[in-house]
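Per-chain residue numbering starts at 1, and chain names A, B, C, D and E are given in the order in which the chains are listed.
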Amino acid sequence: MKKIDILTPVGIFIGLTAVFTAIYSNAAGAGQMGDFIQIASILIVLGGLSSAILINFSLADLKTLPKVLKETFQTRENNLQELIDTFVDLSARARREGLLALEAGLEDVDDPFIEKGVLLAVDGIEPDIIKDIMMAEVVAMEERHRKGRVILEKAGEYAPAWGMIGTLVGLVLMLQNLNDPSTLGPNMAVALLTTLYGTLLANLVFVPMASKLALSTEEEVFVKQIVVEGVIGVQSGQNPKILQEKLSAFLPNHLKGEEELTEEKDKDE
Amino acid sequence: MKKIDILTPVGIFIGLTAVFTAIYSNAAGAGQMGDFIQIASILIVLGGLSSAILINFSLADLKTLPKVLKETFQTRENNLQELIDTFVDLSARARREGLLALEAGLEDVDDPFIEKGVLLAVDGIEPDIIKDIMMAEVVAMEERHRKGRVILEKAGEYAPAWGMIGTLVGLVLMLQNLNDPSTLGPNMAVALLTTLYGTLLANLVFVPMASKLALSTEEEVFVKQIVVEGVIGVQSGQNPKILQEKLSAFLPNHLKGEEELTEEKDKDE
Amino acid sequence: MKKIDILTPVGIFIGLTAVFTAIYSNAAGAGQMGDFIQIASILIVLGGLSSAILINFSLADLKTLPKVLKETFQTRENNLQELIDTFVDLSARARREGLLALEAGLEDVDDPFIEKGVLLAVDGIEPDIIKDIMMAEVVAMEERHRKGRVILEKAGEYAPAWGMIGTLVGLVLMLQNLNDPSTLGPNMAVALLTTLYGTLLANLVFVPMASKLALSTEEEVFVKQIVVEGVIGVQSGQNPKILQEKLSAFLPNHLKGEEELTEEKDKDE
Amino acid sequence: MKKIDILTPVGIFIGLTAVFTAIYSNAAGAGQMGDFIQIASILIVLGGLSSAILINFSLADLKTLPKVLKETFQTRENNLQELIDTFVDLSARARREGLLALEAGLEDVDDPFIEKGVLLAVDGIEPDIIKDIMMAEVVAMEERHRKGRVILEKAGEYAPAWGMIGTLVGLVLMLQNLNDPSTLGPNMAVALLTTLYGTLLANLVFVPMASKLALSTEEEVFVKQIVVEGVIGVQSGQNPKILQEKLSAFLPNHLKGEEELTEEKDKDE
Amino acid sequence: MKKIDILTPVGIFIGLTAVFTAIYSNAAGAGQMGDFIQIASILIVLGGLSSAILINFSLADLKTLPKVLKETFQTRENNLQELIDTFVDLSARARREGLLALEAGLEDVDDPFIEKGVLLAVDGIEPDIIKDIMMAEVVAMEERHRKGRVILEKAGEYAPAWGMIGTLVGLVLMLQNLNDPSTLGPNMAVALLTTLYGTLLANLVFVPMASKLALSTEEEVFVKQIVVEGVIGVQSGQNPKILQEKLSAFLPNHLKGEEELTEEKDKDE
């Protein structure tokens, strides 16, 4: 269900291309990459950013970072229609053959969250407790994702701030060495580089990635909530037709795509 | 019910006219459009903006963008009084002829959301479940609109940031090539252009459009909530007069426009 | 109950006086009004601001603007003590003579919202439904006011942004015409004017007015909530003494002003 | 219970000392107070600030300002342990001698809020209504404090904005009078003064004071909630030991200070 | 359970190293530490910051500061699996030997919060009241931590603001003493130092530390909520297996680590 999200590398490529274009074909004079790479400037931005992140987070939080970064290069396809069909089938079977028969029907289901919910239902645990257990898991997942995401969000705040700190250091040095006016320009250029690095890191990497993770967590919570509704519906022996109606209401385009954004709906009217 | 919203194109036209006026009749010297168009600068702002958007959103989200943009050029007229009258009629008919008679009365109704609600009521489904199903649909619509809107909101944040990145690149290049002082001014002018592009895109296009979509979603949710209240009222056999009273309370100017903003109400007193 | 709010015109007058003082008695040299009025600069700020507002709002929203502006020049006096006395009287009368007798007692009441609530009570409608109807009206009023206010809030955001756009246009033109150094200063002065206009509009007009409307809406919602509590108390035949106690708890200075801000209360202790 | 809060005057004194130090022992040259006092600049910042505040608030709101300012120079000592003991005593007495006996026990209590609650309990009013009445009073107090605080918060926003307006006016004048280069520095210095005034007012006076009021309101709401819990516990005849346990849970250091911040608790473990 | 958090000192060390690197190996010229240390500038930032903090907070709040600072150098290891096992054991014992037998089982538990909860359960106090008491303690702890944290958050806002005030003072002095152009650079460098100090303090110390405290409070509240759920489950005689299921749902990686971030879960599928 998860696959490589081609958009993230493409986005980073386009962003870097835009910066390279700006450097090489700038109306203010054709630049050179070398003018834009200063090891010391890179060190201050990355060092300062790392220092703030290290103070801000615990080791346990930071250990989630590699997975979080990997996550931003992945996308998840959710087939909501299939999900709803699964529950309508389960619901029909439960009414026909009893809750115990559901265990056999789980063979086709390869989502451990659905499986767990159905097994709880088969065990005859009360709906309220099932809902509590399943929602606790959803909340725990949300919380887990949030922790990783917050690292990126904070990095998006610290990067420009440390870029500005680097620029201030450079400006102070430049202003204290005005003897040779010919160095004024290049020195100020170097000072501005850290601000450029910090802003670029924030707007090309950290902010979009954190925002992407937030959206994908929301999506996943949404799907899991449909599962919880479905499991409860199945256990309480709800009529499959009503269950279908209820779960379909969550669908983005539940009348065969004809309602995606209200514009479409208007065609029907 | 939906028609072209003349305000959006008019607004964009006025905005561009304001910018042209500023350029051609500027007290700082009559400018020329050519001075304000730099392909490289346009590329960096649009490229950087696109890169951040591509990283930020999934393909499924981005596919909604054309519809979302189209949506910003449309307006929706809601005749709330007519809507309320519909439910008062339905309510009277339901009390007179029974819920089943409502199916015939739906011929005059061309809003699929009302139709669906009434059919659920006719099917004898319990009010709580009807409310659940209908509200789930409202929430799903809200969520759908929100996703498209967030793209515009994020674009409104990334555009000025990438404008600033372009300006920083230009300033660094300018400062490293101070040999010929006569190029200082024009080069800095070019560097500032990307900030101008980014700010203009944000304040003429992205921010107002995102904000417009938020308001129109709110409006639509509001109308749909009246429909839900109406369907529940009809099914529970509420007195048409009380139902009218209840639904009319939502009306902006429910006493024949004499209460629009409290100022009007004071006249009556 | 509503009267001219002298504070708004006085405030605008003081604000303009402050600006005039700054211009005419500025230590940087006595200025002249003429130096601060540039038709083109005014056009770009107002034009840009209007364009963003036109895109942002629907025609229906914009039509509320004149009333909203008028509202900012008005103030409303609420006599909460009198309001509470009204309900205590109504409550006593209802217990003595029955709910039907309240209709006669309404002659002295000239607030249509109270009147409506009492008539609903007289009609024997259930408390929950009365509360629903009355609160729906409060929410609708809140929503109506909010719409008008949002226009001013957004204007307070767009005005400085378009001021900055105007300044950027001016700076680009100035930098591209550095031939005559003597024009540098005046041209930059003109460029800065649009930022001044935008900031002034935001901080003298839009932001304070929007904030004022928010406060007055809050106030009105607060008063209407007391009315709802009062009507429900009267209908449910609550003891007038307890009703008085309950409603008085909302009063800012309910023990004859001796509790206004905790400082006063401490005196009693 | 309320006494002068020495911290506020000390803080203002330290802040002004810091500014004086910066002026007199500045590495950029020993300054003079006179260079930093410009009547016109003071007028524009205070005038502009006042104008925005006058437009923003109603006369009734502004009348609370003197009390609010006085409040920021006061602190309140709350003896939570004593408060809890009071309720444990009242609870024991109520179980021993009946609710009516509480009226006599009120002699030692000099907090009108406790007194009121207990009297309501003695009157035999139902717990829910007592809670409603008392909480309405808490909410009304919170609201009252909030209104005064919002004036300071808004002043903290308007002050730097009007400082910037003053600087813009000064810059425009300076740029239009570049004939005599020797005046450039001093004129720009004067222009910057309004920004300095606005920022100083915000960060030395308005923002810290508004924030202090917010914290002290929170504290007071917290204490009053304990009182409400206590009164309800007493009336419902709760076991004094359990009531003590329940109310003590609110205490910051309820096990004789050994749990203040978790660090302490760890010692026990 | 608490130990030194090596990350905070490491982070501060890296941050300072980054700044030193920027100073000594800056492309704009090799700087000297001495150029970056100005006693007067340090005094204005620290003095101004202290003044705002003193006005903002009460003495009681400020007294928590040393503990709060110490807290940022500590980390807390929570063994959630062990915590859950404890409750499963207690639950099994309670069902086998009765609630009273739990008192003996507490010997192995060295967390006073668990101890307190179990003792309340042994005392036969009702679940609702136990929950109330325990949650009140959690809320009180949260509140206590929040107060300390807010000091750091506010310091993170005041530090850059006072840095800017110091820079404005320096700029005004510099501009009023333009006679000797050779001092222009160094004087401006000194003026910029206070902004550097303020920004550095905020982004290296205050903001990351406040943010770290917020995360660790969240973590602690989370653990304590599991304890509350566990105590209630034990008292209500819940089946140990169901209790395990319920509490395990909170676990980040409750199926033996195979679900840490959804990526892992997908492997199972």
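One rule holds in what follows: contacts are C-beta pairs under 8 Å (C-beta built on N, C-alpha and C of every residue); 3 or more make two chains touch, one makes a residue touch a chain.
What you see is a predicted model; the values in this text were computed from it and never measured.
Student: Which chains, if any, touch subunit A and subunit D both?
Tutor: E
Student: Rounded to a multiple of 5, how large is the rotation, in degrees, that superposes the C-alpha trace of subunit C on subunit E?
Tutor: The rotation relating subunit C to subunit E comes to 145 degrees.
Student: Since subunit A and subunit E are copies that touch, is their contact same (over half of the numbers shared) or different (under half)?
Tutor: Homomeric contact, different residues on each side for the most part.
Student: Roughly how many whole angstrom separate the Cα centroids of subunit D and subunit E?
Tutor: Chain centroid spacing, subunit D to subunit E, equals 24 Å.
Student: Counting only Cα atoms for the centres, state how far subunit A is from subunit C in Å.
Tutor: One centre to the other, that is 39 Å.
Student: Return the residues of subunit B touching two or more other chains; collapse runs of consecutive numbers into ranges.
Tutor: In subunit B, 186, 188 touch at least two other chains.
Student: Could you pull out which subunit A residues touch subunit B in their complex?
Tutor: Interface residues on the subunit A side: 5, 7-8, 10-19, 21-23, 25-29, 31, 35-36, 72, 75, 182, 184-186, 188-189, 192-193, 195-196, 199-200, 202-205, 207-209, 211-212, 215-216, 222, 242, 245-246, 249-252, 254-255, 259-263, 265-266, 268-269.
Student: Please give the residue numbers of subunit A that touch subunit E in the complex, ascending.
Tutor: Result: residues 1-2, 38, 40-41, 43-44, 46-48, 50-59, 61-62, 64, 67-68, 70-71, 74, 76, 110-112, 120, 125, 129, 132-134, 136-137, 140-141, 143-145, 147-148, 150, 154, 157-158, 161-162, 164-166, 168-178, 183, 186-188, 190-191, 194, 220 of subunit A touch subunit E.
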